[in-house]
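Read through the structures below before going on.
Across the two complexes that follow, subunit A remains constant while its partner is subunit B and subsequently subunit C.
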Partner chain A sequence: MAEKPEDLNLPNAVITRIIKEALPDGVNVSKEARRAISQAASVFVLYATSCANNFALKAKRKTLNAADVLAAMEEMEFERFLEPLRAALEVYKKGQKGKKEVSEQKRKEKEKKADCEHEKSKEDEEGEDEEEQRMEEETEEGEEEVEN
Partner chain B sequence: MAALVSSTEQESDRCGSEEENRGVEAGDGGQQQQTGPAAPGGSRLSKLPLARIKALMKTDPDVSLASQESVFIIAKATELFVEMIAKDALVYAQQGKRKTLQRKDLDNAIEAVDEFAFLEGTLD
Partner chain C sequence: MSQNRPEKDDPALDAKKTISLPISRVRLIMKSSPDVSSINQDALFLTTKATELFVQHLARSSFNNGCGKESNSLSYSDLAKTAEETETFHFLTDILPKKILARDYLKSLEQMQEEDADL
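Now for the complex of A and B:
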């Protein structure tokens, strides 16, 4: 799965949308300009990654973290990005927390359901009239015997 | 080679949806759905698909692992970068009394703006 930087482009539609939202109405972008911006964005990712990685290595870490990226932005002279990036990071972190809690809840619910399933089938039958219940239990037993 | 696997298990559904869309990549429309339904919450903050950003980062042989947050910040920074370079290029289009951004406007911006120096010689 070794993909080269040249093969990995950012999705055209998204790049176009970001450009359009940044520019006033009525302004168009030629295909060549769009392609160049997309390429520039990929180069930016690689440059930022490399820069951030240097900070991580300096700190003797093998995992790139958010602080490394922010430090890289400063190094690359994109200080103007720092404020909005920090703000976005806060929101992102909260979102991630919520996601973890949701997936943990789901896991717990799954386990509960697995336990309850046996009991639930019994409960359904008990909900009916007693007479029917008795009959069903008898037939159930009968069926079991047949299966065996 | 240690890849960016450990910290990104939560993104697996995002990666899955991206793989499904790969067949549709020729058309632009399909790509927009990647960050939408697959993973709620954080992913909506980034317009760019984190899985693709991560894949790009992985092409650097010196990078072993990257936290989810770092991938997100790079994605966000890239968004800001695109906005910035588009706006800077627009200045040159306007100087040429054009309403359409052209490749040469980009080249001018790259030459003129210090922060874009790293781009020199990198574009086709």
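Now for the complex of A and C:
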């Protein structure tokens, strides 16, 4: 949970950059306007979360998923976001997959090295491999709980 | 304390090209909602991305409907106007109230008191 109220604000520098990029060059955005947009963005997150959560509850799920967020956007009448969101998610997923493969390869290489040093048997290696994979899956699933 | 740490080496870095807001902060805001128990990575990513689209959309709409087009500026009153006039931004009226002058407020206060006195 948030310890300080500022924790619920989004970083001003990033918000300012996004605003700048959205507007024509040279538009002057007042400090007050920037702060207001930043607050609006926080409220948007809460609103979207609560909408998405309703969809999850209806489906008797405890974990919010991508479909819930997309459904929330529709309910909030931000259909215009749907296409860019789907496209971004696609890119994101590809990136995740690529990264996973790389780290898996790295880990296997490490294991091999370790095995050479300790002269472990082949059976051990396979067993360990499976165990580590399972552990990885668990940590990924549990990630959202980490912060509390 | 170390709340930003766990992400440092995973999704945040991957997503760098597609999103610029910090996922960890968005998660914190989402988690501040009491009825949310857990959020999967994709939902978190989508909400972060949606927030960016929202900021762009709000800034653009307010600038286009606002009165700062000639002077090339975006002010608070343009935002308040958008929140009031655009259906999809209605949920912002509470945090983007229209500003009124103190003397107008005092006037309406006086009026209300007079009405009360009349009763």
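The criterion applied here is as follows: the second predicted complex is superposed on the first by the 108 of 148 C-alpha atoms of A that agree within 3 Å, B and C clash if a C-alpha of one lies under 4 Å from a C-alpha of the other, contacts with A are read in each partner's own complex, and residues count from 1 in each chain.
Criterion: a contact is a pair of C-beta atoms (placed from the backbone, for glycine too) under 8 Å apart; a residue touches a chain by one contact, two chains touch by 3 or more.
Just so you know, these numbers come straight off a predicted model, no measurement behind them.
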item	value
Simultaneous placement of subunit C and subunit B on subunit A, clash or fit	clash
First (subunit B), second (subunit C), both or neither touched by A:E32	both
Touching partner for A:N12 - first (subunit B), second (subunit C), both, neither	first
Touching partner for A:F81 - first (subunit B), second (subunit C), both, neither	both
Which of subunit B and subunit C A:A59 touches, first, second, both or neither	neither
Shared contact residues on subunit A - subunit B and subunit C	8, 10-11, 14-15, 17-19, 21-23, 26-30, 32-33, 36-37, 39-50, 52-53, 57, 62-66, 68-70, 73, 76-78, 80-81, 84-85, 88-89, 91-93, 95-96, 99
For the subunit B and subunit A complex, residues of the former touching the latter	2, 7, 10, 25, 28-29, 31-32, 34, 39-49, 52-53, 55-60, 62-70, 72-74, 76-87, 89-90, 93, 99-103, 105-106, 110, 114-116, 118-119, 122-124
Residues of subunit A defined as touching subunit B within the complex	3-5, 8, 10-19, 21-23, 26-30, 32-33, 35-37, 39-50, 52-53, 57, 62-66, 68-70, 73, 76-78, 80-81, 84-85, 88-89, 91-93, 95-96, 98-100, 103
Subunit C residues touching subunit A - in the complex, by the definition given at the top	3, 6, 10-11, 14-15, 17-22, 24-33, 35-47, 49-60, 62-63, 68, 71-76, 78-80, 83, 87-88, 91-92, 95-96
Partner subunit C, residues of subunit A touching it in the complex	1-2, 7-8, 10-11, 14-15, 17-19, 21-24, 26-30, 32-33, 36-37, 39-50, 52-53, 57, 62-66, 68-70, 73, 76-78, 80-81, 84-85, 88-89, 91-93, 95-96, 99, 140, 143-148
